[in-house]
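Pasting a structure below so you can have a look.
Labels run A, B, C, D, E, F, G and H following the written order; every chain starts at residue 1.
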Amino acid sequence: MGGLQAELEALLDEVRRGEVDAADALERLAGLPYRDLGFARVDLHRELRQGAPEAVLAEGKTPEQVAAIAKALDEGGAGSVLVTRADATVRAAVREVLPGAQDDARARAVWAARSVPETAGLAVMISAGTSDGPVLHEARIRAELLGTEVVVHEDVGVAGIHRLASVLPDLTRADCVVVVAGMDGALASVVGGLAACPVIGVPTSVGYGASFGGVTALLGMLTSCASNVTVVNIDNGFGAAYVATLINRI
Amino acid sequence: MGGLQAELEALLDEVRRGEVDAADALERLAGLPYRDLGFARVDLHRELRQGAPEAVLAEGKTPEQVAAIAKALDEGGAGSVLVTRADATVRAAVREVLPGAQDDARARAVWAARSVPETAGLAVMISAGTSDGPVLHEARIRAELLGTEVVVHEDVGVAGIHRLASVLPDLTRADCVVVVAGMDGALASVVGGLAACPVIGVPTSVGYGASFGGVTALLGMLTSCASNVTVVNIDNGFGAAYVATLINRI
Amino acid sequence: MGGLQAELEALLDEVRRGEVDAADALERLAGLPYRDLGFARVDLHRELRQGAPEAVLAEGKTPEQVAAIAKALDEGGAGSVLVTRADATVRAAVREVLPGAQDDARARAVWAARSVPETAGLAVMISAGTSDGPVLHEARIRAELLGTEVVVHEDVGVAGIHRLASVLPDLTRADCVVVVAGMDGALASVVGGLAACPVIGVPTSVGYGASFGGVTALLGMLTSCASNVTVVNIDNGFGAAYVATLINRI
Amino acid sequence: MGGLQAELEALLDEVRRGEVDAADALERLAGLPYRDLGFARVDLHRELRQGAPEAVLAEGKTPEQVAAIAKALDEGGAGSVLVTRADATVRAAVREVLPGAQDDARARAVWAARSVPETAGLAVMISAGTSDGPVLHEARIRAELLGTEVVVHEDVGVAGIHRLASVLPDLTRADCVVVVAGMDGALASVVGGLAACPVIGVPTSVGYGASFGGVTALLGMLTSCASNVTVVNIDNGFGAAYVATLINRI
Amino acid sequence: MGGLQAELEALLDEVRRGEVDAADALERLAGLPYRDLGFARVDLHRELRQGAPEAVLAEGKTPEQVAAIAKALDEGGAGSVLVTRADATVRAAVREVLPGAQDDARARAVWAARSVPETAGLAVMISAGTSDGPVLHEARIRAELLGTEVVVHEDVGVAGIHRLASVLPDLTRADCVVVVAGMDGALASVVGGLAACPVIGVPTSVGYGASFGGVTALLGMLTSCASNVTVVNIDNGFGAAYVATLINRI
Amino acid sequence: MGGLQAELEALLDEVRRGEVDAADALERLAGLPYRDLGFARVDLHRELRQGAPEAVLAEGKTPEQVAAIAKALDEGGAGSVLVTRADATVRAAVREVLPGAQDDARARAVWAARSVPETAGLAVMISAGTSDGPVLHEARIRAELLGTEVVVHEDVGVAGIHRLASVLPDLTRADCVVVVAGMDGALASVVGGLAACPVIGVPTSVGYGASFGGVTALLGMLTSCASNVTVVNIDNGFGAAYVATLINRI
Amino acid sequence: MGGLQAELEALLDEVRRGEVDAADALERLAGLPYRDLGFARVDLHRELRQGAPEAVLAEGKTPEQVAAIAKALDEGGAGSVLVTRADATVRAAVREVLPGAQDDARARAVWAARSVPETAGLAVMISAGTSDGPVLHEARIRAELLGTEVVVHEDVGVAGIHRLASVLPDLTRADCVVVVAGMDGALASVVGGLAACPVIGVPTSVGYGASFGGVTALLGMLTSCASNVTVVNIDNGFGAAYVATLINRI
Amino acid sequence: MGGLQAELEALLDEVRRGEVDAADALERLAGLPYRDLGFARVDLHRELRQGAPEAVLAEGKTPEQVAAIAKALDEGGAGSVLVTRADATVRAAVREVLPGAQDDARARAVWAARSVPETAGLAVMISAGTSDGPVLHEARIRAELLGTEVVVHEDVGVAGIHRLASVLPDLTRADCVVVVAGMDGALASVVGGLAACPVIGVPTSVGYGASFGGVTALLGMLTSCASNVTVVNIDNGFGAAYVATLINRI
């Protein structure tokens, strides 16, 4: 899309035509692309620039801050507003400022959608175990809000490899696969070897002892012998969904 | 492509028609898709199954083993044969069995190409520093052998952010960006914020002290705030190139 | 037992005889071996395939999910149903769906046994300290439900090596020894040197400071000079008990 | 300032003139520079010696201990008394002994200022995200109490690099810049490349997964290619503010 | 076997019958079970006590020390003498003192066998990649010297899961499986799910970047969802072979 | 003292004189030196064997278990009974079974002393900060119960090195110094350079960020250039006090 | 200095006056500030922008690359050209292209100075041990080339704290202190407590065992209680010297 | 001994009597206790102050530097001069300046003794394996030069616990025990439980895989349940010997 460059060229043209002077240009450059709430600079242009509205990670912010940012995005015309890692208090605070918002307690998400892009491509999302559910569904919600068709298969662990059989047909028609797994994260390697498209591994913090809060799954996915696997941060279903969307849009 | 499933269905059909019995079917399933050299099972079907021939990581193998595998791939009809992480001895051993092979000392690679797929898509590959060159060029060679057009920009560090300006036009027309960086790996975050397509971060082992052989760059890329960034293993330019190719083919 | 292969051969035979066609075969392959609860695929065939019913790790699942899985196992005819890492709420939820279930608060386990295999072999289970009790007893319960005779010795730390004397006679008649220890995990090395059978080390998260939640015990057991010691994950009494059972059945 | 040496010379002079004997000299040396509360030795001379009064880190101390130390500093004539990492209970306990004290719940600080030095120099303080706010404001309060003018810019993340534009003018007039960032900490590298003065990086524990409680940001800042960046401990806004003050006073 | 206890009881009986006094008994206890070479105490009784002669890890010892220990074991009547992690110099030194010894450069082992126990049980040993060969063959040699039948399958990586098909028949008839794998170590999980006997995982130091010299494979195997998997130290094929032997003897 | 050897010789003598037979001897060896509570083997002989009664680490045990062990030690005639890491509930449970017991909430200890050995030697105990108090006082209580004279200096941090002056006279007359410090643990190095006796470093978990729960202090003390410094586990004031006592008794 | 902003304003002015059009402006923005050697973009403007010419880290580059970059800097008019981490081969290659260059084998540096700024401020540089010399002298050379007066004190370890006495007078007149120390890095804390100016800690990789190649020194300096200490990467004397220079110039 | 304080008092007395003025006093304080070689400050007073001459760690120093320091110590009248971690070149360089010096290639030490203190106390030094020999003998040499009687037992591993029997009599008469062990370091725990005196654990870098260059042994010793164990740095036999000497002198 090249938003930044286009905008820069446009601005330079206006300057050249004498329509704006240097000081104003600098100010516009500084002032336009976000709304400054003091504690947050809400990126209202991201949807234009990168094809997806900014979403809000609630962790580390007060409910008031989250609600204010959500409202700013809504007022800024975002196609959808999504808040993740949101506990009950935060979800309630967001629903107050976005009356029509939906939420999902297990995925710890709350969202409101004004317009969802037309569907493009198919993302298959697979989890290794039931406990990976919250991350899986955060990914699903994000992708669906961005116009990606999602098929979900849960609890398809590698230790019972016959359970993968029912997933095979969907693997072969997917444009992108998201694998959500904790413990050893070995599912990413196995799926990587079966699929012919990009596979995005999402290590989760599910596990105990030597799983070290997701580090073992992360390392396992990074060292996978299946070279179609790339990896995102632990529990970052959100990011995986976004990349899956970008891939599907190409 | 769904090679595995198709093959399985075909085999089941033959079995059903009585053309093969169960014992033969099992044997075919076990025997067909690779060539067993004793110390290695060369995957001759990967090109059919996943659209790219198997490549050979030379590290940890003897020159004789590498040459034998390369020869088996060549005899198996691979579109191209690529050996990576190959020191001078290994490269010489490969050139002996593949007389027309080319090599690149800095990228530590040797390869022979019988047929390269038609070009699809554009991958922009950027490195943060001169020392990241070997990884960057391993990625470039791999991608070009798989039919991806590649544009390279070297030494575009984040600490002199104005150097990014000349890269911007290419970023905006890329279908996929590969960022190769050691030390803090911050280039991935900055490029991620500027590009509207998937960005694949390749942390490198370049650096000293607290860069811990690439771990810091790896962690930095994984925790990037730019959510279009996914990450591969340290120094794994090879894998990044493969995923870039898959994305471009969609 | 070879369940998977046998099943596969049988299915291929039916296909060959025209009794099932390829599509049905695939469906059966995909649909048979587990029961899909949506959030979980309950492995009802594991008892046939591997000689022990699937057990349920409660951590990371909601009480409702755990209870539903336990019920599915029970309805699927499992010889016994065991739920581990279960807090009071989960144990209550399970007892509601499995009215006859027993539980053990310290071992954080709840279970119901329809049929326990005949006893085979003797497993001696030893802990280094009182605080290792919960892991030790989780192991004991699992092994007993699978038909293994278990003798328990608690608080036999290495720093008072004379306490090992009373354990010696049992060590010499054991078919397998399970050593449960936190802190430095040194008990595994000492017992390994005294026993002539396989010793399975279970590092525990008991300890403080440089015990790093069980990591030091884990590393100590892995580097033991006694070469009859193998190791499982931190606090994984469950897995150790299962392997002890497999060894005893040979 | 050389307080220690000066004091030592003076004492030696008095000894030489016979005004104090060796035993008394030793006692004075030992007794003078702090007030011994039993559980704490309050450094009443630090303001003389290093130009800034001792401040109190509340973490790990009881509210009673904190209040007693704050009172001792106040009675010792400190220009200002600042308590950091103070929860509501501690802040209340301090306000009881320092009736005019102000506090700031988000920055978890409480303070009373008898006299603030004249303003010298400008410190620009920038945070990468809203969640870095508490650390940023702890730094701001500390610096202002020591007489440094502070300009604050919050939520200027690197993934939306255009947000930096409005900060550029302040960067160019700063005497010292403090960058507060969690996750990958990449903001320090980018700001380091834009500013021509010392930049102090404060990694924060903000983030999840592979951010490891601030370790990734710490490592990223330490390996920054911008060589004007130095680093303090994770979440140590306090220390950064103190060094910024020292730099501004030169 | 209970060697230690039996010996102790025998000694106590002699003492009781007045055949030895306390001082002599202590001396015998101290002096008997090993031969003191000054720098080494060679355990000549281990074969009696634990059913397998002591073997020699050459790493960290001088060639002269290794040769002297090998000779002492041979003179002490060991059924076989095995030296592992032996470079060419060490292997030559051993062959000099044990003229009939065999060696294997790739497995870095040298050995002489006077008598090998009768074969008991079947161990299947599988490696994920060609580079895992040295560890795999060290394991094979050790097991064969202890009387275990071994079947070897090399280069059966998880990313090409169809390669596992030819291994399935051997998996189902094995008494114990040894899985040798570097990188993500995922092969242990997959094999664990397919086999119904104990599986011993041997992580190897094969790999690069985030494989951290075998740590990732180690952690992956420890956190495997297949609960029949236990694990030994990185590259410790030797220990795995010993435990496989013990299991087969039960 | 050689308790074990003496006991063994005595037992062997009785056996030789026919006063006990082998079976009884084994039983006595096994049964004598501790009292078996089922979940704990209370070491009643440690005071004879090593000059100090066993103490009880409450962490990881239930209040009932702790009280039962304390009672067993008391009934076994221990000179003193000390319970450490004891929260209010545990302290109350102990006071119930040992009516005359004293306790100290900050040091989280409860104890009863029947007889304290005569004082031998002087241990100087120094902490770097007020927050190290609980560990320091646990050490002091333990040492005093074992008959060591203790002098305490709190909050003598290295950053205000003049505060060390008042400690110097005590350092020069100490038989052993215990240094309790968190953060960088640098106090151990400085005190090590000033004292001419053994210095025992106790790293504490006091600190934040890069202090990693005491790891940095631990590593700092281990790498101290003062070669009279040895180190114990993080927060292990208890162990340091015991070694100080042993040194003083020599 | 604000070079970037000034340049941007100037460019915008030219554009506004019609002297350059948008396309040319973009090109100039991209092309001006560095010289593109293909494998490196040499930053010729850094001296203008940040007051110090770019220096060259030789590690990871070929001698030819280093020499080419050094030559480009020299031809670009750099006040001085400094190459660090340069082995003998690299130093020779540089001396060939910069005939008048000086070098220092121990500091592994080679440099040529056309003009050195006038001296401003005093930096005192202190090392803990003789082995820290290479890092210390790299720092000294860099600072002197940038016009900073440097006083050096070597081998002033904390374990012999009396050795600090001779350094005290210099500490009190310093504008900035650089502390170079390996092992526990405790010297930074002690110097931090004695100096009233900013102290920059440079942890070195000197040490063994638990010093972990400089990590312990790094962590110790980061957690120093002296709050005037900031830290740079392990062995990064170069960066410390640069910041010391910036501080002295204010 | 209190050297520092005594010296300080003496100096103050001289000052009081007018025999020295303040400036001279400061100079003497700074100049006396060491000899400044430029790159090293040789501590000639340590023998007076702490009862043992400074020794020289050769690692990280050039042979010329080591020889110069050794010569300075010799000229300064040191009772003995000991150089450790010295390769053949360094040992030759030292023997050149100290013609009568002895050396030991395996312990990598070279030394010359003018006078050794009278023997006091007995240190028992035990190693777990033959490969720990170099560290063990470095400790022995250091202790003997300081006048400590040493008894050595090598290769007394915990996995063959019967080998400990011959060591028991020496354990019971020792004043201090030094345990040198790599791998899991478990020997320290077992010896700690058997000895009634202080035990100093020296973890060694001997081992492979999960022994992590001595880290596992270090952690194991730190978390030992035997509370008479203190620990020094990995491979630091030198420090352990020094503390053993200090204990024996009390």
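By our rule, contacts are C-beta pairs under 8 Å (C-beta built on N, C-alpha and C of every residue); 3 or more make two chains touch, one makes a residue touch a chain.
Since the model is a prediction, treat every value here as computed from it, not as a measurement.
**Q** Can you list every chain in contact with both chain C and chain H?
**A** Where chain C and chain H share a partner, that partner set is E, F.
**Q** Can you check whether chain D and chain G touch via the same residue numbers (shared by over half) or via different ones?
**A** Counting which numbers both chains contribute, over half are shared, so the two copies meet through the same residues.
**Q** Can you tell me which pair among B-D, C-H or A-D shares over half of its residue-numbered contact pairs with B-G?
**A** Matching more than half of the contact pairs of B-G: A-D.
**Q** When I count C-beta pairs in contact, which pair ends up with more: A-E or A-D?
**A** Higher contact count goes to A-E.
**Q** Please name the chain that ends up farthest from chain G once chain centres are defined by their CA atoms averaged.
**A** Taking each chain's C-alpha mean as its centre, the farthest from chain G is C.
**Q** Between chain A and chain F, what is the separation of their C-alpha centroids in Å?
**A** It comes to 53 Å between the two C-alpha centres.
**Q** Using CA atom averages as chain centres, what separation in Å is found between chain D and chain E?
**A** 58
**Q** If you look at chain C, which of its residues touch at least two other chains?
**A** 4, 26, 129, 160, 168-169, 194, 209-211, 215, 218, 222-223, 227, 233-234
**Q** Provide the residue numbers of chain F that touch chain G in the complex, in ascending order.
**A** 128-129, 157-161, 183-186, 189-190, 192-194, 207, 209-212, 215-217, 219-227
**Q** Give the list of chain D residues in touch with chain F in this complex.
**A** Residues 4, 26, 29-31, 33-34, 38-41, 43, 46, 59-62, 65, 69, 85, 203, 205, 214-215, 218, 233-236 of chain D touch chain F in their complex.
**Q** Mind listing the chain G positions that touch chain D in their complex?
**A** The contact residues of chain G facing chain D are 1-5, 49-51, 121, 168-169, 171-173, 175, 194, 196-198, 200, 218, 222-223, 227-233, 238-240, 242-243, 246-248, 250.
**Q** Which of the residues in chain D come into contact with chain A in the complex?
**A** 129-131, 133, 154-156, 160, 162-163, 165-166, 168, 206, 208-211
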